[in-house]
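The same chain A turns up in both complexes below, where it pairs with chain B and then with chain C.
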Partner chain A sequence: MHRFLRRPDVGILIGCICIFILFSLWNPGQWFNWYTFISISRYTAILGLLAIGQTFVILVREIDLSVGSVYGAVGVAFIGLEQQLSVPLSFLLAMIFAIMVGLLNATIVIGGRLPSMIVTLGGLFFYRGLIYVSTHGAVRGPPQAARQDWFAQLIGGHWFRVENGFLWMLLLAGICGAILYQTPFGNHLFASGGDPASAESQGIPVNRVRTWAFILCSVFAGLSAVVTLTKDPQTNVSLGTGFELESIAAVVIGGTLLAGGRGTVLGTVLGSFFFTAVRSEMIAFGAPPSWYTSFVGIALLLVVTVNTLLSKRLRSN
Partner chain B sequence: MQIVPDSDHVPGSKPLISVKDVCLSYGNFRALTDISVDFYAGELVGLVGDNGAGKTTLIRILSGIIPPDSGEVYFDGRRITRFYPKLAIALGVESIQQAIGLCDNLSVARNYFLGREPVRQFFGIRILDKKSMRDASAKVIRDFGLRDSIDVEDDISLLSGGEKQTFKIARAVSFRNRVIIMDEPTNHLSVRERGRVNELAVQLKQQGLLVIYITHDIFQIHRIADRIVILENGRKVADVSKIAMSAEGLEEIIRQGGRSPTSGPAES
Partner chain C sequence: MVSHIGSNDPNMNWLTTSLKTFDERYPGVKTEYLSTNEYSLQNFITILNQAIATHPDGIAVPILNSEALQPILDKAIQDGIPVVAFNISDPRPADQRIHYLTYVGGDEHLTGLKLGEYVIEQVNAGKIPKPTRVLCANHDATHQGLKARFAGMQEAMKKIDVPVEDLIIGADPAGARSIMQSYLSTHKDVNYIFCLGTLSVPWAYSVADEMGLHPKLSDKGLTIVGVDDSPNSLEGIKDGKVLASHSQGFWLQGYLPMEFLYFYKKMGMAPLDDIITGPIVINQSNIDLWIKIVKGIIGEEAYKKQITW
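== the complex of A and B ==
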């Protein structure tokens, strides 16, 4: 029991249970509604995928501010390629583009010994600019035919009325959790984030681990974009703006330490669900959507404070 | 004047590590100048000197963290041309330092196998063999006399300073290392913990390992070492077996800043 309470994701687990109970008592007709579930699950999938990738980067004590723009750039690349090539091939090429972006971020951070916050801030502007330049400011969504393609359906379709994007997110979260806790790579990742010098002294290739974290982050941002676009054809050049901060908020509220070395994928997924569910309820209540932004800030401060106090108390015991 | 070690320090045996004319600079600062020293298996060598004498720099070379600017390093008769930590670990050189070596965010078991995780195949995927991680680390905790109340699933940060040092030494020994470098291993330790760590250092030597023990404390090292090497301003100023010189004599060498004491040089 004591060890369970020391888990970093206890706070968000309690938070999710609280809002679930609150919303079911407050507005059961709206909360226990299939359409509510679909809309929450869709956005949880999109934010969750972004945030899972961000979790890897934060676990190794770095940060990736470029994910929102990378999400947009990979999405735009996917749509652009799809006009010439088949859907699976354009997906593959878009993912290769994402891998290259992650590799580039990591190379500049490691090779230049620069703070990732600066490097990826540069990425945030650069890839957003790239979207404007390459599309001349006009992005069309994927045409109907492309969305009917078997591969697009595989990613953006349904399975027993549940959206595939949500199921993919859950599957990938499970796989990432297993990678983190059950494989040597996961152990190296935690070690590299917790104490890089000690990890290095035991022969762990810390820089290679960091590179993988950045690559995974960009790939997850790309996957999130493809999940979005195969489902929702409406898009524009600002696709993904602000997602970098939302993904970081979801990771942090999920209990992952910004200082690295401690965190869970489950916490990140719950963090994404938490923000999405609250946004959905606020809209249902007719609150102005801009309130959501303030709410994210308040919730973040609240949960991080509770987490910090809780872990201090447990440590002193 | 420089005191040169006897080439036949341990009769009939070759040095395990041989450092020849090694120089290294950090920018304009000459950290090491023409260092030549041999280390033999089954020997406990004290590496002594003031701050900035070059002890840590020498150790960083032996641990593969930095390459020397010039000079040669031989391990077991083989010339080392590329220096990287993984090679040092593969050759069985493990350094134990006060501040690094353990990740506080990981459990005892995960720290024990850090970088050497045992795996089993699960549908062709290499996953951690957690059972053998638990069993092996629990055994080593018992063998090295750490508290019974420590669970291998607990965070390593629950251990005291002395327990952490003991744990690092235990880990270094159980992975069949040949060289254990201890970098000021007893700093910030209680008297009893210090005694325990020094006892372990002697035991390792008796098992045939080469132990290089870095310290400021000449009296402490004189009690346990077979030979003492003194560095001063990046140069080797003394290399004597302990029977050849008293701790006071060695202290005098350090105090004189490497100039040989008036009593004349002591040969090993």
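== the complex of A and C ==
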């Protein structure tokens, strides 16, 4: 029991159980509705994928504010490439673009010894501007033929009425969880974030680990965009606006410390589910959607306070 | 021209195209188009202040928010910079509003009202279902013009005792869809969606379609009403996915403010009243003509590119 309570994601786990019970009792007709499940699972998948990538970066004591714009830019690149190339090849090239973005972020942060918050803030504006300039304000979604392509269906289709995007998110969360807890790379991530100097003295290539964290973050943002576009083709240049902060909120509420070195992928996925479910139910209950923004702020403050108190108590014990 | 219609909005092409025509007709005048690329009043004010600081011979500006823009524009006018409001007017009575020369643009309240009246007309003709509840999908909570469109629709629907609700959906497609889906799943009596911005028209259709609400135009199911003469809205009407939309005369909103500022500068002349350039309701009866007009303005290629259905 004591070991369970020490988990960083225990707070969000309890939070999710509480809202599940609350919504089941309060509004069972809405909560156990299939469309509610589809709506919540779809947005959880989009936000979850973004947030999983962000988890890697936060675990190594960095932050990526460019993910929302990278999500948009990779999405726009995927659509643009698809007009000339096949869907799988467009996906591959879009992912290479995402890798390059992550690599660039890491190179500037590490090589220039600059704070990641500033570097990725620059990225946020740069990639959003790139979308505006390259599209002239209008982005056409992938055409019907492209959406019917086997590869697009594999990413954005259905499997027994459940959206593939959600299944991909669960599968990748499982893989990332295993990487974090079962591989030396995961160990290196925690060590690099927990105490970089000590990690370096033990021979851990901290800068290489941080580079991989940035690359993974951009790749997950790109994946999230492709999941969105292969499922819901209608798009806009505003694609991904505000996602950077939502993804950080999901990671933090999921128990990952902004100071790095502690966190779980499960917590991040639950954090994404928590925000999506609460917003959905708030709207269903008739609250204006703008209340959700205030709710995110209050929830974050509460979680950070509880987490800090819990870890202090555990340390003193 | 300081505008909130940036390169994130296809409507910008109307304004920049009309400014280009003005430049060709008045070679001695230099026009400049400055805009924000996101829906942020604060960023808009920053750009406006920067434009005023260059002390131009005139400024055309949409009144996104009367209270926020009043002190800035009053100061500019006092400093001798004439101002023409375009696209969004100051909704307050004439004696209380910002002292601009004139307003050139559509009447946003009339936009909602006329589209609502068109719905009622079609209902009475038995062509579409009678509204039970109307949802107004609003992508920008701070936009005064969208609030006026909502109020216009409310006024029209009041005549047949139909409730109208405003839902802030945000500008991101995935988030907007999620919000609309949550709302529609609990408000099952909603059978009309009035999209206050053209970008949300395809999103609303896809959500309704997925939820089995039958948004394709017929005498039953859910009906979608759009706005603007963008290729998205026009193709929606053409395909029977959107009941109607409107044009607010965007081209004139770019061109006329520049002419009025020029006349004022050269001859001290200004119109005595506002210049209302719209709304014109676009529906099945005039859709082919509008597609032709829009293609003529923005070009066939750009037209195709802007269709996001």
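Basically, the second predicted complex is superposed on the first by the 317 of 317 C-alpha atoms of A that agree within 3 Å, B and C clash if a C-alpha of one lies under 4 Å from a C-alpha of the other, contacts with A are read in each partner's own complex, and residues count from 1 in each chain.
As a working rule, a contact is a pair of C-beta atoms (placed from the backbone, for glycine too) under 8 Å apart; a residue touches a chain by one contact, two chains touch by 3 or more.
What you see is a predicted model, and the numbers here were worked out from it, not measured in a lab.
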* Does the superposition put A:Val237 against chain B (first), chain C (second), both, or neither? -> second
* Of the two partner chains, chain B (first) and chain C (second), which one does A:Thr308 touch, if any: first, second, both, or neither? -> neither
* A:Gln83 contacts which: chain B (first), chain C (second), both, neither? -> neither
* Partner chain in contact with A:Gln182 - chain B first, chain C second, else both or neither -> first
* Asked: In the superposed arrangement, does A:Ile283 touch chain B (first), chain C (second), both or neither?
  -> second
* In the superposed arrangement, does A:Gln148 touch chain B (first), chain C (second), both or neither? -> neither
* Which partner, chain B or chain C, touches the larger number of chain A residues? -> C
* What does chain A use to touch chain C in their complex? -> 27, 30, 33, 35-36, 38-40, 42-43, 46, 128-129, 132-133, 136-141, 228, 232, 234-243, 276, 279-281, 283-285, 288-290
* **chain C to chain A touching residues, read off their complex** => 6-10, 12-13, 37-38, 141, 167-175, 177-179, 181-183, 185-186, 199, 202-203, 206, 210-211, 302, 304-309
* Structure fact -> Counting only contacts in the complex, chain B reaches chain A at residues 63, 85-86, 89, 95, 97, 99-106, 110, 113-117, 119, 125-128, 153
* Asked: Where on chain A does chain B make contact in their complex?
  -> 3, 178, 182-184, 186-188, 190-191, 193-195, 197-205, 261-262
